[in-house]
Amino acid sequence: MDKEDLRSLFLEVRAGSVDIDSALKVLRNWPTENMSFARLDHHRQLRTGMPEVVFGEGKNAEQIAAIMQRLAATGAVTMATRVDPEKADVVMAVIPAAVYHREARVLQLNRPAEPVSGSGLILVVAAGTSDLGVAEEAVITARGFGCRVETLYDVGIAGVHRLLEESDKLVEAAVIVAVAGMEGALPGVIAGLVDCPVIAVPTSIGYGSGRGGIAALLSMLNSCASGMAVVNIDNGFGGGCMAATIVRTGVELKS
Amino acid sequence: MDKEDLRSLFLEVRAGSVDIDSALKVLRNWPTENMSFARLDHHRQLRTGMPEVVFGEGKNAEQIAAIMQRLAATGAVTMATRVDPEKADVVMAVIPAAVYHREARVLQLNRPAEPVSGSGLILVVAAGTSDLGVAEEAVITARGFGCRVETLYDVGIAGVHRLLEESDKLVEAAVIVAVAGMEGALPGVIAGLVDCPVIAVPTSIGYGSGRGGIAALLSMLNSCASGMAVVNIDNGFGGGCMAATIVRTGVELKS
Amino acid sequence: MDKEDLRSLFLEVRAGSVDIDSALKVLRNWPTENMSFARLDHHRQLRTGMPEVVFGEGKNAEQIAAIMQRLAATGAVTMATRVDPEKADVVMAVIPAAVYHREARVLQLNRPAEPVSGSGLILVVAAGTSDLGVAEEAVITARGFGCRVETLYDVGIAGVHRLLEESDKLVEAAVIVAVAGMEGALPGVIAGLVDCPVIAVPTSIGYGSGRGGIAALLSMLNSCASGMAVVNIDNGFGGGCMAATIVRTGVELKS
Amino acid sequence: MDKEDLRSLFLEVRAGSVDIDSALKVLRNWPTENMSFARLDHHRQLRTGMPEVVFGEGKNAEQIAAIMQRLAATGAVTMATRVDPEKADVVMAVIPAAVYHREARVLQLNRPAEPVSGSGLILVVAAGTSDLGVAEEAVITARGFGCRVETLYDVGIAGVHRLLEESDKLVEAAVIVAVAGMEGALPGVIAGLVDCPVIAVPTSIGYGSGRGGIAALLSMLNSCASGMAVVNIDNGFGGGCMAATIVRTGVELKS
Amino acid sequence: MDKEDLRSLFLEVRAGSVDIDSALKVLRNWPTENMSFARLDHHRQLRTGMPEVVFGEGKNAEQIAAIMQRLAATGAVTMATRVDPEKADVVMAVIPAAVYHREARVLQLNRPAEPVSGSGLILVVAAGTSDLGVAEEAVITARGFGCRVETLYDVGIAGVHRLLEESDKLVEAAVIVAVAGMEGALPGVIAGLVDCPVIAVPTSIGYGSGRGGIAALLSMLNSCASGMAVVNIDNGFGGGCMAATIVRTGVELKS
Amino acid sequence: MDKEDLRSLFLEVRAGSVDIDSALKVLRNWPTENMSFARLDHHRQLRTGMPEVVFGEGKNAEQIAAIMQRLAATGAVTMATRVDPEKADVVMAVIPAAVYHREARVLQLNRPAEPVSGSGLILVVAAGTSDLGVAEEAVITARGFGCRVETLYDVGIAGVHRLLEESDKLVEAAVIVAVAGMEGALPGVIAGLVDCPVIAVPTSIGYGSGRGGIAALLSMLNSCASGMAVVNIDNGFGGGCMAATIVRTGVELKS
Amino acid sequence: MDKEDLRSLFLEVRAGSVDIDSALKVLRNWPTENMSFARLDHHRQLRTGMPEVVFGEGKNAEQIAAIMQRLAATGAVTMATRVDPEKADVVMAVIPAAVYHREARVLQLNRPAEPVSGSGLILVVAAGTSDLGVAEEAVITARGFGCRVETLYDVGIAGVHRLLEESDKLVEAAVIVAVAGMEGALPGVIAGLVDCPVIAVPTSIGYGSGRGGIAALLSMLNSCASGMAVVNIDNGFGGGCMAATIVRTGVELKS
Amino acid sequence: MDKEDLRSLFLEVRAGSVDIDSALKVLRNWPTENMSFARLDHHRQLRTGMPEVVFGEGKNAEQIAAIMQRLAATGAVTMATRVDPEKADVVMAVIPAAVYHREARVLQLNRPAEPVSGSGLILVVAAGTSDLGVAEEAVITARGFGCRVETLYDVGIAGVHRLLEESDKLVEAAVIVAVAGMEGALPGVIAGLVDCPVIAVPTSIGYGSGRGGIAALLSMLNSCASGMAVVNIDNGFGGGCMAATIVRTGVELKS
């Protein structure tokens, strides 16, 4: 319902082809769809460029399946994050076309066959083996939105040469998503080496005073490196989504 | 000192035009410059695309002036952030060409006459009058890096229509830097309305349980909106720098 | 035992119809009832307008059933909150007249057949599907106290138009209970749109740095919107009870 | 700009008395007024029943004076909170009609001569002498909005009989605003004694582990008393405003 | 090994009845007993007046049984706290004389048949039914140390008259142990009513922002009432032990 | 107004020597005295054994002087804590009989000439020179309440022998008030050495992660030593008051 | 790949025995080994003197076994920490030579038959029986690295003489690892008694306000004793490793 | 007063050359010296190898001067830390031989003319110019204890090559003290590069969510690098002291 639609509506009202009560109703009925337990926002893709994504935690498998079916009916990419394997099995029994990414815990429907041509490369970097679940959530999310994604795993700063020896890969990327738990220093080191934006994703991996990811989060927020911003702890989806949004900005400026 | 330089070095060593000790020395002498109280990183602009910027807090005016002179000698844009008016006066007495932005508390030298053509628009949005200092730091930073910047101030969510009536401006932006204190809800509302990346900057404006900006920071990190990432509290420089890095990504993909 | 009762007592003492030791005893025996594991406060309804409500967490089913029976014996509305389905089954086996609201986890006895006429409308608004349990606790509580309640669910601020399109409903309410997790921005946006009191209820829905609801709580406390106050995290009962207390104030002024 | 206005606009468009571009412009120009450093929300009183109030902290005296003059031009009650005596002197030199409440640190213009008849009594209760500044902010705010307000000071729970002996006053109130620092237990004790809504206002009075008011805030949020909700630490304005909003609900239902 | 013992030792050394190496050995061998997994402090009762008590959490049933047997061999009162029913069953199979207090989760051996005559009364007061486990730990501990203990349960401040009507009991006590979760206001109200020391014990009962007992702890530490001190959250043992230590002080002064 | 007074009142009412309205008035007029900015609790000494003490922080010198004069008029010990030297000078100009203890920042009137005979010794122990202000507040408080007090300063645990060599003094005490900042380990070490109650007072002395006294507070709350309880950070008054309350318990049992 | 290696490479390039692309490749291929889920850092032992150690938490038994086999292939000491008994059984079925230390939860391969001669003694001291798991992790780690280790357990400060009577042992140590939960005061007391470095290891043993080890950690960081530093909560591995690194420093200076 | 002294005392007692009361007195009079405001621990250097050091914060200049004079009278190295220039001037007027290190804010007397021969090198590394004060405190402390110290400043990880190019210096060190504020990642990166112990010192340099040094502290505690331990925020003295203690261990093993 953008400005042009509004102008058309006024023209129709003036021409009498639309009566006033209908006009009022149109203005009231934004394109949301009210299910008993959810209110779908079909308009979101037009508005933000990203379709609505189902946050699977705290919803049961039946709810996830029902919402995904409605969202997928429009042909748009449809995803549900934070879905346990058990729930995923139930959803896939209902929607056989759904694909489940076990490590990332993401369900997808209507995902693009291959990346949108011309968009920049997203590089997802992870500090340790234990951070892979969050990193994969970022990977699957960005691929679902049609992005080209590569990965670089287990390059934490306890052996900084493991990272430096892959500097070619770092330099190629249009955006880097850097995932780390423990002291969370990896994104800052990377941001000091490259000229592209870095999205830092803290994870809850660790123990003692850092349990829950708070040490990694604070470390990333307080980094003295520039060209870097942070998303919530374990929010691989958020990291992948921000990277996709940035890369798309590049694509759009290009066209 | 990139890969091509390294290849050239090997070629010269093989050709005998460079002896081995000189080669070792070259590899050792990365382009840093060691002042008694600071170690300048002239190489940073090549590596990260952004020149080194002086963090003015905790340095005296003489140190700031000396570092700025050295950095500016290369002709690069030179900035110092978090500079009080008193320190700024001292620096400008030494370096008359320096420009001081009072609200942003930023000193600049060699700043570009006008934005680099072709780069996307950065829109800096602030929730309240009290957030302007941080917002202006973002504005001056991004302009210093050659970006096209516009502003939209005092559009906090206590009257959400003030924001909605400016939706044209929001939609035009390539990147939005959203600055807010108190409950910090503004960036999330914006991210739900636009299709470009949103950089959220929490400020320390507020009182009581939110004093210090922690409420705004947590609110932004926990937003359910996507396409958004966060920098540290009051870090206007970081927000402007991240926005400039993203816009440049777009420009580069374009060319 | 109000002022008039006290005057009567003195009159009876003076008249000799009550002897002094009895008078002392009356003053000592406020209307509490001492069960072995609980001390019932039958006087509370007279004093605060609300009957005592059983907090089910940390009590076993037998204790809940026994307390509810005693409280219900006076004919007053009787509720137990935070009751698991397993405990509820046990209680309902003992008290067949009890009604269990599964999503709200509330047990009720002697609930009013329909709302007290003339009282204002309470609107319970929830940001997301995952907040429904807390929202329903507020709904059932307020209805139990004889209030007229309607609901508006899944209207979080990531798509603020979903809320705006329901502005008719918002404007009709005498009190709004706004329930939200994550960044907790919904109540502040609503309070900026309406002229009635808003009770904000943060929920523990979320993850990472906001886990436990602390981000939502701080966001609500620091809102720049006015005409709003906050209850504890996940305290749907408290929200519903405060709303009922306010609405009753209106009713009483009316009569 | 309510629904009826919108209908009128459509009628005029259909009648041709308003052309389409004007209609678009009207829809774009909500009643905000853009000063260089602030964006006034004249529409707020219509929307929320409360006029916009100036938060004086972080604004200079000239800005406060300028904003107050514009807001007061409409004849509405105009207030600025958190104004130091020095700033207040400057503002009153510019606007001689302004009244300054020193303890509450509030400036007022166009305040109502006497309370709106028929509205319920607001009782502001404070635990200690040190809490009076915050309590007075609540008092002046509510009186500014036309409410009838009485006070009850220095009745903290270290001598609970000081409170009990004033139970007549407590029982008369339509709403109670209970202000306390230290352990913040006062509002919970009051809420257990009365049948009207209690707004709890924690203050930053105290020392050691409670410094900043966090102990009082947590105590109030976790109270087992019902019919009570909480505002931010030291937010006397918020407490007074919520009380006024509730009382007005009562008045409106009455008429 | 007090001063007199030391003097005797010197006398014996001078007399030649003890040789120097034996004297050194005596000084080295304080009365501790080294089991493979624990080092018993038999000397503690002489030194502190209280026997060593076994903290059962993090020890298995066999360890608890072995330590209790060694400690009990001296005839002293022997206790183990925080013992689950399962562990208790194992210990009682090994030591049939042990008595298990299920609600308090305390095991006892050699407990005194009745209170030491002449010592003052300890009154353990609990705010709610859910606080009983912690309160009972205090009760059993103090009785184990030979104290006279009475209880007053479910007298939380949401109905402050329930407490006031028992003021006779409060006034009789030599020490009061006041146990409360939620907002933890009970001990402060009591300390304002009585002239004996009050030991405040916060419990972890509650939810939301107070989960874990932090609200109750802070409330108690920040109370404006005097003659009150606080122990750790859920530390019923510590409360009972402090009360017993105080009462014993009274007894000793008496004799 | 104790039980016997109440009985007398009833007797007089029955006898007709007191009319009912007078009786009601007596019951309403508890012995509080309402000054414009404070409500004095003359009854407190009867109820809690301790007179009301003025918390000087946040009150001006005139208020302190006025309250002290009213309180002292009854002949009771009168104290004001947390009084700066400047305020103290003003108060002493008004009340020449007042004595100011500079290190403790306490003002006293009507203090007892010497300790009440027969009461046990209070020993105030401080870990470091920087803790003396808080320790002295405890000393002056307890002496003001008629207690016999000795001190032992600068015996922190970094050289535990400094403490051990004073074990004679430790053993003599009826109650120990142990004051420490930094890591706050002193009270726990003492409690492991003595058989009397230990009141632990954390101070805000320290830096870095312990600034504000939180490390000392947590250390004391989590001590594995028994017979110890804790008051708020820097609350020397609270520590001295609790010690005096305990010692008095002993005295009373004695008589 | 140290400086000499680099010189050799240049010599070979100049001599033509190595071509340039091979040289580049050598520089790129640092000695890491890329398994699909991990990137082994064989170079670490050369660089830091310590082989890479597997953090077992968050890895499955198959991953642990595979990584240990690769690391052990070089003959170096190989360890995995935080391995549950169940995982350990699986690993030992695959690698029969592996030894599992149940209390420490550490798996080892190729561990040295006896300590490296000449290195100083590491003494691991633990405050309570519940701290033994963490203490044993330190013991096994340091022994794995060839150190001579002795232990001193259950000497917490509630009975400080238990510690003092073992002062001979304390004085013999070259480094002390002091492990404590609860109030964490043990390391500070020890550091005040000895002249060797003390590594403080806080544990998560405790309850209430100290749960998670935060009280012990803060206590240790804020100790006024010198010659002491701290590792993360429950990080026995880190404590043992730091001790081994220090002792080796001594050995190396010696040779 | 070590074991041999004790044996001698017994021999003298047996021989009758020392009478028993004198022996008792000797045992009581450990070598502490009781000034009115401090209790000097002359024995500390024998016990811990480090002389007592004056913590200057919270002491006035006169106290500092008096304590330093007494301590220096023994000829031992004498230091006072955290001394402001103003206090230093006063002390130096009293003790002209004292040397003041302005950046480190340390006063010294009797400091060694040159390092003790044979001890390993301590390298103090600082991340940024703003960390120099803390770093210099470490430097002056370690030099005061006779250590050989070098420095490496402004090598933070935003340009990790600045650090790598100084790897020769890193490798030479026997112990490294790594000082960093902001995200505190420097010590972990260093610990991954070297084989000597690393003492990490977080500083309070930074802003926003890291203000006070908490982000740096947590980052260091949670580092995945080994051979590293942490001291309190801004505790340069503690870092230098721990390094000196370690280096001395090496020296002693050597001899």
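Order of writing sets the chain letters: A, B, C, D, E, F, G and H. Residues in each chain are counted from 1.
Operating definition for what follows: a residue touches a chain if its C-beta (ideal position, glycine included) is under 8 Å from a C-beta of that chain, and two chains touch if they have at least 3 such contacts.
Because the structure is predicted, anything quoted here is derived from the model rather than measured.
Engineer: Quick check on the contact graph: shortest path length from subunit B to subunit E, in steps?
Structural biologist: Step count on the best path from subunit B to subunit E: 2.
Engineer: Steps needed, at minimum, to get from subunit E to subunit H via touching chains?
Structural biologist: So the least number of steps between the two chains is 1.
Engineer: Give, as an integer number of Å, the spacing between the C-alpha centres of subunit H and subunit C.
Structural biologist: Each chain's C-alpha centroid was found; their separation is 59 Å.
Engineer: Where the centres are mean C-alpha positions, what is the separation of subunit C from subunit F, in Å?
Structural biologist: Centre-to-centre distance between subunit C and subunit F: 41 Å.
Engineer: So which bits of subunit F are touching at least two other chains?
Structural biologist: 3, 44, 47, 55, 128, 158-159, 191-193, 208-210, 214, 217, 221-222, 224, 226, 232-233 - these are the residues of subunit F that touch more than one other chain.
Engineer: For this structure, enumerate the chain pairs that meet the touch criterion.
Structural biologist: A-B, A-C, A-D, A-G, A-H, B-C, B-D, B-G, B-H, C-D, C-E, C-F, D-E, D-F, E-F, E-G, E-H, F-G, F-H, G-H
Engineer: Show which residues of subunit A lie in contact with subunit D when the two form their complex.
Structural biologist: 3, 6-7, 10-11, 13-14, 16, 20, 23-24, 27
Engineer: What residues of subunit D sit close enough to touch subunit C in their complex?
Structural biologist: Those residues of subunit D that touch subunit C are 3, 44, 47-50, 53, 55, 118, 120, 168, 174-175, 191-197, 199-200, 217, 221-222, 224, 226-233, 237-239, 241-242, 245-254.
Engineer: For subunit C, which residues count as touching subunit B in their complex?
Structural biologist: 127-128, 156-160, 164, 182-185, 188-189, 191-193, 206, 208-210, 214-216, 218-226
Engineer: If you look only at subunit A, which of its residues touch subunit G in the complex?
Structural biologist: 128-130, 132, 153-155, 158-159, 161-162, 165, 205, 207-211
Engineer: Residues of subunit G touching subunit A in their complex?
Structural biologist: 28-30, 32, 37-39, 41, 43-44, 47, 55, 57-59, 63, 202, 204, 212-214, 217, 232-235
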